[in-house]
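For reference, the structures are reproduced in the following blocks.
Paired with chain B in one complex and with chain C in the other, chain A is shared by the two complexes that follow.
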Partner chain A sequence: MRLGHLHLDPTMTDFAAEPHPPRVLRRMTRARRFRRQLVPYLYLLPAVACFVIWIYEPLAQAFVLSFQQWNLLPTAPKTWVGLDNYRNIFDLPKFWQALGNTWYYLVGLLPLAVLLPLVIALFTQDLPPRSRNLYRALIFVPMIVPPVVAAAVWRWLLDPSHGILNLGLQGLGTKPIGFLSDPDLALWTITFITGWKLIGFATLILSAANAAIDESLVEAARLDGASNWEIIRDIRLPLLSPTLMLLILMVVLLGAQWSFSYIHVLTEGGPLGSTTNIYYLLWQFGFGSLSVGWSSASAVILFVGFGLLAAALFALKAKVTFHDD
Partner chain B sequence: MKTTLLAVAVALSATAALAQSMPAEVTEPVTITFYNYNLASAGNGADATRKMIAEFEAAHPNIHVEGVPVQPQDIATRLQADIVAGQSVDLVQMPFAALGFAAENLGAVALEDIVPAEELAGHFEGMVPNGLELGRLNGKTYGLAYTFSTPVLFYNADLFRKAGLDPDQPPATWAELKEAALKIKASTDALPLATGIYGPTALDWLMQGVINSNGGAVINADRTEMTFASPEAIEAIAMLRDLAQEGITENLSITAQMEGMAAGNTAMYLQTSAIQGYLVKGATGNFELRAAAMPAFGDKPVKPSNSGSALSLHSTDPVKQRAAWELMKYLTSERGYTIITSEIGYLPLRPSIVNDPEYLGEWVKAHPLVQPNLAQLEKLAPYVPLPGPNYLQIGISMMDAMEMATFGNDDDVAGILTEAQERTQRLMP
Partner chain C sequence: MMTDAATLAPVRPRRRALALSGWDTGVGHALMILVSLVCVFPIYWMIVTSLRPENAIFSTRLWPDAASLDNYAYALRAVPMQRMLVNTFIVSAAVTAVQLLSGILAGYAFARWRFRGSAILFGAVALTWLVPLQVVMIPNYLLVARLGMIDTLGALILPHIASAFAIMLLAQSMRSFPTEVVEAARMDGGNHWQILWQVIAPNLRGTLASLAILIFITTWNEYFWPLLLTRSPENSVVQIGLQMFISSEGTQWGPLMAASTMASLPILLIYLVLQRQVISSFMKSGLR
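== the complex of A and B ==
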């Protein structure tokens, strides 16, 4: 047997042990490194693009438009007017009235949209499941009714001559009340309707947060002889405080916005400007009187004002809320 | 840069289309759009408009008309949105206040540019010259007066009799009106007076008539100065405030007022004659509805303002222009005005049909309601549109101040109006 042809090439056996030529290795890792660094940004890109297209770019454009005069027609020119728009709206008594009304809306919504749902959530937690679900469903129904439909129904209920509320009052012997036509009452009427619509939503959130409280804490307190009120005050309320602060934040920052449909259907800002708020006025400037510059200027003022309010509320939230860790 | 390019493109395409003249007849099937605010209202002419469209389509089988209901205060924004979206905008019921805007910015076509002169003259013959004039800008007709009305004092004859008043002698002056209203307040529980002066859809059309009738004006003749804090205007608003303070009139929404009058719960309603059809429907079998002219201030002559709309043509395609022009002719023909007057309540702008038995002759005899409206046609003081790009905001600010002066808690009418006049003057161009 001749083993000559089985002679192994020494370079082949050592091939696997030798490293790759240095040049090729560096090129591949640089490209791969770059791609690896790029991948997270690619994942972020759709979300960031949405933010930029739908929030930041219009915000910037609104800021620029607040210094221009334009009537919404694409064929009409946008003229630069500097601070004139701001001067004009500060000049308008209706603007200050709207700002004041916005404040009343926010303050007026808190009892209905935060306090009452808290009470309902606490009182319905111990009911047998069937009746608890029934109550919660009933309370949630106003939330699902479309706002315009709800407003139309309320208009009929509150009508001074034919609405059942006034017919009832007349039965008791008092004169009919113009809930929506009396400048002193109209704002509170609309605040009530906005709050009524929100009760279900707030109750749901607070009920869920309440159910998440560790029952062992409550049992321990009961063993120590705590009364119901003491349990609520010392255990449930502190542990609900994150949710409560969140609700307060939402109502304060978004409450006036939620009232838009009801104002538009029921009073259009009247009577005598008593129900208008900064959001409604902003819309009226833009689409009612086609003054986009005024609308954008009000929007910028609103942004700055509510931004400061939000910052203050977030600071408060960090200080006040209690977490069960 | 983008907007100037766009404006140039729109202008070029418009002139390019006008360079081709429109055909004498419509020979192939074509669809045109008709933007209309009567169609958008529940009580103000929707049925009558549909009837006219149906009659027109029966007479012109090649033309199909698509009615587009739009609220009058939304017409400008709706039109520009549809034009930009490339929708076909053909015929529009354009409120007079917005006609200038339509000619400059929305592509309204001057009739003299597309219709042969003889055909145009032939159609204009017989129309009220005042009406034709209102649609003319820079010597060309951009709008053909279509629905036209003046403010009329509708009143409930039954309530008058109940209060001991003679329904054949309606109040002719504001002082007489106050006396009658106080009597009505004392002996019935009806609301004595409702007016269409205030409200989001009204702007200042009726207010101009009220102030003009007292010898004042809302704005001066060359539209450079607001004059609504002049002594005559202050006097007029103070008169309205007095009526409100006495409980004779209340600040109700237009829906509530119309419903109240139609149900027989209001004694007098000063409003556009256009709601006549709606009120007649409510009054039939319920109460006796009558109409009188707008009240005067003492001996001064009444100067009612007009409300209403013109038809403006926006098509760029020659075939659609012919179709739209045919519809325009039909709507402003003797037959068209017969329906408009008898079924809606606007004025017939061809006076010849009033006594013609084939058209309105019989109807006018049976419905004396239209007479005060017709008589006021002679005394019209045309509505003066507010100037400049901020015209809507000027109007709204002015009306807000006047509403506050009439129904608010502050008695200082002169102070409120003067402050508002200075403020709105700053918004003038």
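== the complex of A and C ==
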């Protein structure tokens, strides 16, 4: 067993496993050797073909389409317009609004999907295992529920005239609140629903990391007279920081994307564009107003922007993880 | 340095002594009960509403006084729900099968051989998660249209033939597969294909099962592709069906909640039975 990873080192090729490699090699005809070298690629073929056909080639195509004007009708001509699409998008207040909204989604998600789970994970580490497992099972439920179902259920709970949440609030003496129809609230409502789905997942990730912390470190600090808060600040948080970074990375890179279903089912980007984020804008350009060029140009902007953001976050994560050693 | 035995033995009693006074435990319980309620109540409310008779749909009682299945009957009549549920099941099962297959093959290639371009190909696989579906949706839509597959179930399966996560997870578990076993099989004259399917795959049952759960649930919940690629209810999946009960003029809450319950029932049942495996496979996955 201990030799396991040594043997499976990728340098170990086919040939090394043969009893007498050199002689075998010499006897092998060129064609046979070629066939042998081809084998790994055959194993990869289905996966690589899928990625080329459905991701990488389309990515290149989106790039080309971003310099053209076209309305998605097969009979209509594609016109080369150079950088016009980009120029027009940058002149569009709607674009900047969507970009700003994307930012709000991300900022709003962090407390729900990172901070609250962190607090829960730290607070509940010493609960008796049986009740802890029950809680975990319960808070994980939103994660597996289909997003459309989540949207439908929250729409019902938040309904201004009959939703139980609004009825409860009215019982406390407030007016009905248009959680999804008030331009100042709708974005935060959708952010909340997106975060609601993630709380359990994030909590479990952080609890697992927290449980993996070597308890003797904590014991030692306690013997030195460290307070609970000092232990959290000086021991647990630094040791949790790689996991925290990973979560933040996921939320930042994927958060706006997850909210797509909720936006589409609950507000369709409204009221007044207040819930439209950049992903939803792409959808509206492409399949709402059938302007392929605009949609593709914003796709390229989005892809490049998030690519840079990802690179920056990965660099930051590498730094944090390094400090941990 | 302390030995393992020395650190392990006293931890338990000592931890319990430190473990937090009753007050802290009380706060922990209170916090968890509150969060659990926020997480589960919406689902509970969905089921309760779906069971209320039409004249009590706006009732705020926490349980239905007279349970009725009228909403379910209505939902099944108004929209081809059964057909959509079957479609969703077919698509999810097919995607699970092909993604496992392509993942096993590609994982084996990455774990077993070092070949020209292997690092680049592995990087290209890993980087696919950086490309959001929305960025490639138009070219993909055009491709499906060219293939004449708009509004077919096949179009929902094809783009999901492979997933980066399945490949990377399986490559990783195959790398840590004990080589002695593989070598023994090679001595017996097994070729790569036989070793993969007769030795390695059966031994990775656990990983494959948890991967299957994850792929199935993720595909069942998928909304964006079906939204893009299906047109008629008969060729659509249940997530699209739900939307038909929501309209700006007035939502039929009873049938919507009944349809939502039906759409999440298979997932909730899987979770009820395989709770631990579901949680652990989601945690392994990150989020996609």
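Note that the second predicted complex is superposed on the first by the 260 of 325 C-alpha atoms of A that agree within 3 Å, B and C clash if a C-alpha of one lies under 4 Å from a C-alpha of the other, contacts with A are read in each partner's own complex, and residues count from 1 in each chain.
As a convention for this text, contacts are C-beta pairs under 8 Å (C-beta built on N, C-alpha and C of every residue); 3 or more make two chains touch, one makes a residue touch a chain.
Predicted model, so just to flag it, every value in this text is computed and none were measured.
S.K.: Name the contact category of A:C50: first (chain B only), second (chain C only), both, or neither.
M.R.: So A:C50 only meets chain C here.
S.K.: Where does A:I164 make contact in the superposed view: on chain B (first), on chain C (second), on both, or on neither?
M.R.: A:I164 contacts chain C only, not chain B.
S.K.: When the two structures are laid over each other on chain A, which of chain B and chain C touches more residues of chain A?
M.R.: C
S.K.: Name the contact category of A:G288: first (chain B only), second (chain C only), both, or neither.
M.R.: A:G288 contacts chain B only, not chain C.
S.K.: Return first, second, both or neither, reflecting whether A:Q69 touches chain B, chain C, both chains, or no partner chain.
M.R.: first
S.K.: Applying the touch criterion given at the start, work out whether A:G273 contacts chain B, chain C, both or neither, answering first, second, both or neither.
M.R.: first
S.K.: May I ask you to decide whether A:P146 touches chain B, chain C, both, or neither, giving the answer as first, second, both or neither?
M.R.: second
S.K.: Touching A:L127 in the superposition: chain B (first), chain C (second), both, neither?
M.R.: second
S.K.: For A:K317 in the superposed arrangement: first (chain B), second (chain C), both or neither?
M.R.: neither
S.K.: Using the superposition on chain A as set up above, list the residues of chain A that contact both chain B and chain C.
M.R.: The answer is residues 72, 74, 287 of chain A.
S.K.: Can you tell me which positions in chain A touch chain C when the two form their complex?
M.R.: 1, 3-8, 10-11, 13-14, 17, 37, 39-41, 43-51, 53-59, 61-62, 65, 72, 74, 116, 119-120, 123-124, 126-127, 131-132, 135-150, 152-157, 159, 162, 164, 167, 196, 198-201, 203-205, 208, 215-216, 219, 222, 246, 250, 253-254, 257-258, 260-261, 264-265, 279, 282-283, 286-287, 292, 295-296, 299-300, 302-303, 306-307, 310
S.K.: Applying the document's contact rule, which stretches of chain C touch chain A when the two form their complex?
M.R.: Within the complex, chain C touches chain A at residues 2, 7, 11, 14-15, 18-20, 24-25, 27-29, 31-33, 35-36, 38-40, 42-43, 45-46, 49, 58, 60, 98, 101-103, 105-106, 108-116, 118, 121, 124-125, 128, 130-140, 142-143, 145, 158-159, 161-162, 164, 167, 174-180, 183, 186, 192, 217, 220-221, 223-224, 227-228, 239, 242-243, 245-246, 251, 253, 256-257, 260, 263-264, 267-268, 271, 275, 278-279, 282-283, 286-288.
S.K.: Residue numbers of chain B touching chain A in their complex, please.
M.R.: The touching residues are 3-4, 6-7, 10, 73, 76-77, 80, 84, 105, 200, 250-253, 256, 260, 265, 389-390, 392-393, 396-397, 400, 403-404, 407-408, 423, 426-427.
S.K.: Would you tell me which residues of chain A are touching chain B in their complex?
M.R.: Where chain A meets chain B, its residues are 69, 71-78, 88, 91-92, 94, 161, 181, 183, 268, 270-273, 285, 287-291, 294.
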